[in-house]
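Shared between the two complexes below is chain A, which pairs with chain B and chain C, respectively.
Take a look at the complex of A and B:
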């Protein structure tokens, strides 16, 4: 009895939180009139016209979607690779001032984006890096490194250095020890770092808007710009684009949610993974 | 020939001296045990032999060849670390074959060798499991198997049985001894437990604070500790060490007073007595104490006594009957079993004279 009540409350809370998402997804299949109808229509004839419009009349959508995918995947893969090696060095060789360096690393993320947007804009403008995929990947990778190093160092500290030694004693090179002995043991950490940063870059708007350009527009940018493009609030556009936009992260999170949890604890709580 | 020689090996960590000019030979095909309290430097010494640490000073030779600067992989040494460090992402079979695979051995060769070591340690039935499914003792066997799978002339085991329960340790100790005899290689083994030390050792080196205080065949070290630390660390139950004073050709310590041979007149001394050397009253030096605790080991009883404030341990045979708690118990000691050490330096000064 208590248990089912508890479950009912959980369902209720989950549904309340899910309501806006549900509204957006439902709206993607409604006509403009249906979306704006009062009282809101729960029963309606679904249509795919909005999706057709998005792909035909809005030519830049495919490019923007591709930009989102490429920018986030490439930069996060680079960031996680760099972070793994950095975290390995911090964890194993414990250079002088490791704690301070770790703090310094994270301090990049202590500033809100708008606080650094101006200097970064000036820098990118001076280098001629505006509207350049490589330059944006560089920025996103830089922004993804701190969290990744923190998450991965927690995991690496949990892997006994005896493993490294056993590898070395038996004739393993450093490459072998790092990638064949240690890496398989921190897979959950790698996945957690990957997902965390993927979500961050996927949702990033400000820097894409300011230091990106026509070539590098991502979906958050397209949403912000396209909302008023036909004079009023373009609800069908917003709903349809958002629906497509939230699909990849939802799938990624659903597939890897257990790693997300261990990531939030920086590897200190291993859990059942 | 694969005798292992340490020549004046020193190692400092900052201001802490871990090893202070250690010279030691582990003879070919013998089982050498390094014993000493935690932090005495036995692990560091073994890690140097394996190649995980480099000495600040001194040389290490295996079979006459200087390996001081040889990378770990190129030393003919098999290693069983203190913690199991089994790779969780590999099966037991892959774990055991790992050193061979790294060395580039062909697959059939690996399979054959893995089968052989697995049989030696009777773990054939575990080969396809992953380490997380094994019990502590099984993990230990697998770790030993991995250490032995490499074709090495020297095997290094760093306190491999620490943390295992008593029964398991006893069984593995026996297995390891048999294995060592079978493989005919040189073994170096660090132990922190006195019973393990006595059971395993052919040769013994006693370390304390980064120095070798006594080395030699185990029987010899047991009979002639030559040093207070060696007396304390070698032997089970632990030897009694009583503070006393050497005056007028005799030593007075706890309940004992006996004439001594040797030079130590006027010194503060420690008198060492092994519990197993205390016998029935009437021979040599006789003393008496009150029984505070009796441990029944089956054939023997370990009796803890209070001799006028001085605790003392003696062993009695079970057939002599268990003394009651709080009862007085008299015992006799042959004077030559009372060893006298300098209280300051720990060096042997002499022993009781008949």
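Take a look at the complex of A and C:
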């Protein structure tokens, strides 16, 4: 009895915390009249009209959504791949200046966004790289590297060097040792780095806004500059779009809850919740 | 001691020399990225901070020495105001998040057997992975004086309507409240991790000794969990110092300068007014702050590595 009361309290806390998000999701199923109704309607006849409108009347939404998907997927794949190689070198060979470089990498991530992007903006403007998918992907990849290197180095340090040595002694090539022997053992680290950078780039708006443009615009950029305000904000549209857009990250933390802690702390704290 | 048991720590430095080619190949991509996207831009930034350079004027950069730094130091554009607002934002926000997070984390401690735990935790942790711009936009809707749900509730209680984001008295706190809502889950997460690092045997011993909860908390839980908690607090401090995405859709720094944090002002100076020289000096000041914070972070991390395990 006490036990179920305790669980009920926990559920209540979780639901209260989630309430604002639930309010967004509910609003997506309301008509324009219902969404602006006073007093707010908790009970209403749900409609899918908003979702239909989103895909039919607004061609730019589909493009922006596709941009979000492409930019985050491609850049994070590149970042995790090259970060794994670097983390392997840092962990196994400890070249001179490892600590310093790890520090520099991290301090990029600790800098406020506008300070990071300001010189990049000038560089991109000078070379005519603005509003270009490749240029944006490269920047996002660079920005995802520090995080990934930190997470992966932590995991690689936890894999005994004996594996590498055994592999080498038995005549395995470096390629074999790195990708066949060591890589499978740091899979959790790869997943954590992948998911967290993916969520970051997915949610990112400033960099896209500053060095991107009409062609590379993602959804957060569109939201931030108020593309969808036809004289006052179009709330049904925003609620619907937001609902679709926040669903993937929420599903990701459900599916990958084990990796939440690793990801959120640059791999400096490990363990499960 | 650690050097003997830990084969990686024991790996001699000459390993790097005997595999120089391999190390270079492995590091080359990241180094190339780092030089192109980090070192060069940073030097560019540093150089520009000594120039008077506006993109709108069409004039070439003009060398002015330390003038930009000096003007900021003297408080041009209310630099100190922005900084102190930001530090208040960080201090108050992180304090609330830590207290709430530790409290709720302790509450969730014994939830291993809870039905639907994974879903409940997903709902609880959802705010920190939401798109900040979307969250900010929607909170504008929730805070709206006319049809926002919050004002409806307030008026339902018979209280006068409040223009949360429009009035100078409430805007700052309204934004801070959303930040706390978003990031308290992070401190819950860190608290759960910290609690997970407390050895079960010691907790049982404390139970048998019938230590009162307060003593159990300070002597056993904090003793083992404090490093993880400290890392969590530091990460929050660093992250909330950067707050920007949330504020842009809600208030854009207004009303007046009420919610103008350093990142918001730098964003405006650089990408609305295009004062590149001035903004560069601003950015260099912020760079110094974040280097200091990163150093503290790594210091604490090494402290834990040395004492832990």
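Here is the rule we go by: the second predicted complex is superposed on the first by the 251 of 273 C-alpha atoms of A that agree within 3 Å, B and C clash if a C-alpha of one lies under 4 Å from a C-alpha of the other, contacts with A are read in each partner's own complex, and residues count from 1 in each chain.
Simple rule for what comes next: a residue touches a chain if its C-beta (ideal position, glycine included) is under 8 Å from a C-beta of that chain, and two chains touch if they have at least 3 such contacts.
Quick caveat: nothing in here was measured; it's all calculated off a predicted structure.
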Joint occupancy of chain A by chain B and chain C, clash or fit: fit
Chain B versus chain C as contact partner of A:211, first or second or both or neither: neither
Partner chain in contact with A:96 - chain B first, chain C second, else both or neither: second
Contacts of A:160 with chain B and chain C, given as first, second, both or neither: both
Which partner reaches more residues of chain A (counting touched residues only), chain B or chain C: C
Partner chain(s) touched by A:120 [first = chain B, second = chain C, both, neither]: second
Contacts of A:170 with chain B and chain C, given as first, second, both or neither: first
Minimum C-alpha separation between chain B and chain C after superposing on chain A, in Å: 7
Doubly contacted residues of chain A, that is, touched by chain B and again by chain C: 160, 162
Footprint of chain B on chain A - complex, ascending: 160, 162-163, 165-172, 176, 181, 184-185
Interface residues, chain A side, partner chain C - complex: 6-7, 9-11, 13-15, 17-18, 20-21, 23-24, 27, 36-40, 82-83, 85-86, 88-89, 91-96, 101, 103-108, 110-115, 118-123, 138-139, 141-143, 145, 149, 157, 160-162, 174, 199, 202-203, 205-206, 209-210, 219-220, 223-224, 233, 235, 238-239, 242, 245-246, 249-250, 252-254, 257, 260-261, 264-266, 268-269, 271-273
Contact footprint of chain A on chain C as seen in their complex: 7-8, 11, 13, 15-16, 19, 22-23, 25-27, 29-31, 33-34, 36-38, 40-42, 44-45, 48, 104, 107-108, 110-111, 114-116, 118-134, 137-142, 146-147, 149, 152, 156, 181, 184-186, 189-190, 192-193, 196-197, 228, 231-232, 235, 238, 241-242, 244-245, 248-249, 262-263, 266-267, 270-271, 276, 279-280, 282-283, 286-287, 290-291, 293-295, 297-298, 301
Sites on chain B touched by chain A in the complex: 50-52, 72-74, 77, 79, 81-83, 85, 87-89, 98-99, 102-103, 146, 150
